[in-house]
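Below is a structure I'd like to ask you about.
Just so it is clear, A, B, C and D label the chains in written order, and each chain counts residues from 1 on its own.
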Amino acid sequence: MRLPADASGVYPIAPTPFHDDGRIDDDSVDRLVDFYLACGANGITVLGQLGEAAKLEHAESLDVASRIIRRAGSLPVIVGVSSPGFAAMRALTREVMERGAAGVMIAPPNTLRTDEQIVGYYRQAVEAIGADVPFVLQDYPLTFSVQMTPAVIRRIHTELPSCSMLKHEDWPGLEKISTLKAWVREGAMRPLPILVGNNGLFLDYEMERGADGANTGYAFPDMLVDVVRMSRAGEREAAHDLFDAHLPLMRYEQQPGVGLSVRKYVLHRRGLLASAALRVPATPMSAAARAEVEHLLTRLARHDARARLPQVE
Amino acid sequence: MRLPADASGVYPIAPTPFHDDGRIDDDSVDRLVDFYLACGANGITVLGQLGEAAKLEHAESLDVASRIIRRAGSLPVIVGVSSPGFAAMRALTREVMERGAAGVMIAPPNTLRTDEQIVGYYRQAVEAIGADVPFVLQDYPLTFSVQMTPAVIRRIHTELPSCSMLKHEDWPGLEKISTLKAWVREGAMRPLPILVGNNGLFLDYEMERGADGANTGYAFPDMLVDVVRMSRAGEREAAHDLFDAHLPLMRYEQQPGVGLSVRKYVLHRRGLLASAALRVPATPMSAAARAEVEHLLTRLARHDARARLPQVE
Amino acid sequence: MRLPADASGVYPIAPTPFHDDGRIDDDSVDRLVDFYLACGANGITVLGQLGEAAKLEHAESLDVASRIIRRAGSLPVIVGVSSPGFAAMRALTREVMERGAAGVMIAPPNTLRTDEQIVGYYRQAVEAIGADVPFVLQDYPLTFSVQMTPAVIRRIHTELPSCSMLKHEDWPGLEKISTLKAWVREGAMRPLPILVGNNGLFLDYEMERGADGANTGYAFPDMLVDVVRMSRAGEREAAHDLFDAHLPLMRYEQQPGVGLSVRKYVLHRRGLLASAALRVPATPMSAAARAEVEHLLTRLARHDARARLPQVE
Amino acid sequence: MRLPADASGVYPIAPTPFHDDGRIDDDSVDRLVDFYLACGANGITVLGQLGEAAKLEHAESLDVASRIIRRAGSLPVIVGVSSPGFAAMRALTREVMERGAAGVMIAPPNTLRTDEQIVGYYRQAVEAIGADVPFVLQDYPLTFSVQMTPAVIRRIHTELPSCSMLKHEDWPGLEKISTLKAWVREGAMRPLPILVGNNGLFLDYEMERGADGANTGYAFPDMLVDVVRMSRAGEREAAHDLFDAHLPLMRYEQQPGVGLSVRKYVLHRRGLLASAALRVPATPMSAAARAEVEHLLTRLARHDARARLPQVE
C-alpha cells in the first residue's frame, strides 16, 4: 500500500527497541506495533532519527522495517532513508519498498542553504529513489539547520508529484501551516497533508491552524490520537485540557539528546518496551532525571489514568 | 551598587517600551520598573536581546538604562553590552557603570567554537571593560550557537574573578546545573549564582537542581517570583501547580522571532505597557496569534487570577 | 561625490594604521591615501572588517573616515557600516555621508538563511539608511555564512535602486560573475559593477569573466591596478605573469585570522605604515611567519621590483 | 600491512574513476594505482570525500577498495569510513581491513562543537571499529565546521593509541603544525605523522614547519612527491620554484564543489582517467572553466614538462 494522498491522523515515530545487551528486541517491536494499532494510529514511521537508525547495521534496519511492515497490516509504514549519499538512499528505498513500505521520509543534509540548493536536493533525491516512491518532506530546522520557506515547500511539492506529506517541525511554525493551508484553499498549490512533529509541543494550536495530524514520537501516542480526534470534532476545550495535562512531560521529553532516553524510559514504564536501553552513543538519564520523570508521571496521572503506572521498586 | 556575589531570586529581562510611533515610552518604562519592584524582583536586566537593544540609538540606550537605574533604587540593574567589537563594549560599559549599573551581561559572538576561543574571548572582554566590573556570563547555545561545557564555565569563572553570575539558557540544561552546583559543593569551584533563562520553560526542575533563580522576560515575572519562593520554601507541588498552569503560555511566548511580540502584547494587556509596539525589524503577531494568546490567557485565568484581564473590545 | 553607477577599477580596502601603543597613526593614514592616489586606485573602502572597525571607538571611526575622505579628494570613499542593529547602521551612515562619503558597504548578518530573509534584510537596511545612499552589497559566504544566489543578488539589485556595486567574494565565484554579467547583457537585470575580493586570489580569471575590478586589501594594490589594466587592455599573458608572481604571497596573506597581521607587516615593510601594530584582539605573526613572509618577498622581488625592500636589521 | 607509526611522504587521495555512463572504470582504477606506484607515492587514500564515496553502492565501495588494495601491493591503503552512524562505520571498517586495508580515515560529524564532544566522538569511533585498527584523524574545519585545537588533537592521540596519522587541513594551519611538532620534540606528546591536505596549497611552508608529507588529491601527485623530496633534501628554492609554478592550478583545483570536476578533468587530460565523468550530483565545469584549465596547463607547461599535454581537438 502506498502512502495516501490525503494522509491524516497520527503517525507515531517508532523507536527501535533493544534488549539490555544491545540486541534488537523483536517482542517489543511487535508489542509496540500492536499498541499503535490498538490506540488508533493511522500509520507508523520507522528508522527516523529517533529510531536510532544510524546505530543499526544495514541488515538490522531491513529486519526491523520488514517486521513492522508485516505486523502493521493495512497501516501505511514510512521508512526514514535520509543519508549523506544518494546511493545508500536509493538502495535502502528500493529494499523497503519491495518489502511493502508505503513511502520514505527524507531530511535535508545540513549543508543546504539557499532555496535553489534545497529544491535541487529534493529533485536529485527523487531521481535517485524513483518518481514513483511517495516521500515525506521533513522540515526540521532546529536539528538540520536547513530553513525552508513556505514558497520553497510549494516549489518542491509542485515540481515533484511524489512529495506526499510534510513532516512539519519548524519552530515557530504556526504561521507556516496557515500560509500553506491558505495556498491550498486558494488553489495556489495542490493539497499537501501536514503532520506535525516537535514532540507535539504545539499540537493544540497546530490542529486549529489546519494541520492534519501528528507525526512524532511522544511516549503517549494514544493522547495524540485523542487530541487530534477531539480537535477535529470541535471539542476544543477538552482537547486543550488533555493536551495541557501532558505538556509538562512533553516538554521534558522534547529535550535534545536526553529526550530519546526519556521517551524510551516512559515507554518501558508503560510496559511497551521490555527495556529502556539505547545503543551507544547515547545520552543516558541521570538518577535525578529519572526521579523527575517519575514525578511528572505522578502529576500527570491525576489528569490521565494512562499515566497511572505501577511503582518501580 | 555592584552585583552581589550571591545574587539570587528573579531578575526580569526588561523589554524596551515604545509608543506606537516608535518613540521610547518613558511612562511605561517607569510603570514596568515599579511593577518589578512591587512584585518582589531582586534585580533587573536591561538592553538584552529582548530589550531590542540593537534598534536603539546609542543615546537612547543610555537614556533607557539610566532611567531604569534611577527608578530601580536599591535594586541592582544589569546592562547588556554584547557587541561585535570590544571598543563599543568598553564604551557602553563605562557609561552605564558611571550611571550606577550593577554590572553588565556579555554574550559570546556566534563565531566561537573551541574551548580556547571561548575562554580567550571572555579574557579579552574583561581586559576591555575592566576587571572591576561584575559581568554576567550568558550561556545561550540555541541563539548564539556557542556551546560552553561546565568545564569551560568553570575556567572562565575561576580565571576571571569579575564573573559574577551565570545566565543559564542551555537546552537541555538540567545536568549542567547539577554539575556546576556539585563542583561548588565539593570545593572544586568558587560559588557561582545561576539564574535561568529560556523563558523559564524548565524553571520548575531547574530550581530543584539548585538554580538560584530566574533571569528571563516571561510576561508574568510575578509568577516567576512565586515559583522561586515556593520552590525554596519546599512547597513543591504548589510550585509545580502554578508553574504548570502557566506552561502553555510560557511555551507560546518562547517561540523565536514572534515571542517578543507575544510578550509585549501580554504586558500591554496587563496594563504595564501602553502599547505593544516593537520597532522594526520585528515579527508581528497575526490575528490568529492574537486570538491564540487571548485563548491562553482565558484558560490561564482559571488557575491564576492575574491572567483575568478586561476584555479587549 | 556619490559612488558612480559604473564604478570600476581598484578600490583598495584600507587598513587602520596604529602606533605601537595603539593610538591611530594619522601620518600613516595620510601616507596610505597618497599611495592609493599615486598608484592609480579608483576609490577607497574604509572601516571594513580588515580596517579593524570593531576595535575603534565611535569617534575614532568618524575621525579616520573623515580624514581619508578629505585626503582622497575626488576619489570616492566607501565606508563599512555593517552592524548588528539598524540604529547604529543608520547613525554611522548619516554621519559619514555628511562628511562626504560616496556610499556605504553592508555585509549580511550571519544568521540569514533563506532567500526571503536575505532580500528582506537589505530592504530593511535601505529603509534604515535612506534610499538615497548608494550601498555596496557584500557577498562573502566564507566569513558571513550567508549564501546569495545570483537570483537573490538580482532581486536585491532590482528592488533597491541604491544598490550600486557588488563586492564579490564568493568562493568559488567565477560562474557567479558569468551568470550576472550574462543577465546584464541580455537585459535581464540593470548593470551592476562587480569588484572582487578574496584578497584577489582569482582576480586573473575573474577579470576575464567580466569583473569590473578589485575591492580588496592585498598589500600590493599597485599590482592589482596593473593586472586590472593589462587584463582590460588585452595583455593577457602579461597580466597572468605578474599575477602569478604575486600569487604565493597573496595566498599567504589571505589566511583567516593571521592574514591581516601579514598584510600590515608587508605594508610596514613597504614603508607605508610606520608600524605593523594591530589593536587587540589580534592574531600575531610568529617569528616563523615573519621569516616566511620575508622569504616570499625575496622570491617575489625576482619578478617585481616593488618587492625589493631594504633588509630589516 | 598496517599503517606504519612513522608514515611520511605522499599519500594521494584517489578519485573513483567512472565511465561516461556512470559505471566504475576498473581499467582507470588500475592505471591510477600504477601511476601512484610509479611516481613514488608512499600510500594511497581511497573513498574519501573526493572519491565520491557517498555515490557508491556498498558493494561498489568494497570492490573499488579491494581492487586498489590488491593492485597497490606493498603500498599501504587507507580507506575513508566516515559515516553518520557507528554501525555503518564499523561494518565498512571490518570489511576493508579483512581485505587488506592499512587503516581507516575518520572525519568528525559537523555537529561537534566542544572539545569534550570531539574527543568523545573519537573515543566512541574507536570502540566501534576496534582499538586494533589504525585510524587517520581528519582535521578539516573548512568542510566539517569542526575546530580542533592542538590540545584536542593531543588528547585524542594520547588517549587512543590507534590514532596513527593526522590529515591536516586546517586553514590557517602553519602554527598548528609547529605547535604539535614542538610538543613531540619536547616529549609532551608521542610522535604523530602529519600529512597535509587542502590540495597542497601551503605544502611549501608546511614542509618547512615539520609536516611529514601530503595526503591530498591534486592532479599532479608526482609534483607533490618532488616537492616533498626536495624540501627534505634541503633544496629549498628548487622546491619553491616547482611549487610556485603549480600554484595557479592548485588554487583553481581547490575550489569547493567544482574542484573535483577540475581534478578529474586534468587527470583525464593526463591520460590517467579514460573519462572525466562524475556521478550525479556533481558540479560540472562550464566551457569557460575548461578553457581556463587548458590555459593554466599551457602556462604550467612552460615550467613543468609533465603539463605538456596533447591538444584536445
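As a working rule, contacts are C-beta pairs under 8 Å (C-beta built on N, C-alpha and C of every residue); 3 or more make two chains touch, one makes a residue touch a chain.
Quick caveat: nothing in here was measured; it's all calculated off a predicted structure.
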{"item": "Selected pair, greater C-beta contact count between A-B and B-D", "value": "A-B"}
{"item": "Same-residue or different-residue interface between subunit C and subunit D, half as cut-off", "value": "same"}
{"item": "Averaged-CA centre spacing for the pair subunit D and subunit A, given as whole angstrom", "value": "39"}
{"item": "Inter-centroid spacing, subunit B versus subunit A (mean Cα positions, whole Å)", "value": "33"}
{"item": "Separation of subunit B from subunit D, taking each centre as the mean of its C-alpha atoms, in whole Å", "value": "48"}
{"item": "Numbers and ranges of subunit D residues touching at least 2 other chains", "value": "none"}
{"item": "Touch list for subunit C against partner subunit A, complex", "value": "113-117, 146-149, 151-152"}
{"item": "Complex contact set, residues of subunit D against subunit C", "value": "171-172, 174-175, 178, 201-202, 204-205, 208-209, 237, 240, 244, 247-248, 251-252, 255-259, 286, 288-289, 292, 299"}
{"item": "Subunit A-facing residues of subunit D, complex", "value": "53-58, 60, 83-88, 91, 110-111, 120, 124, 127, 280-281"}
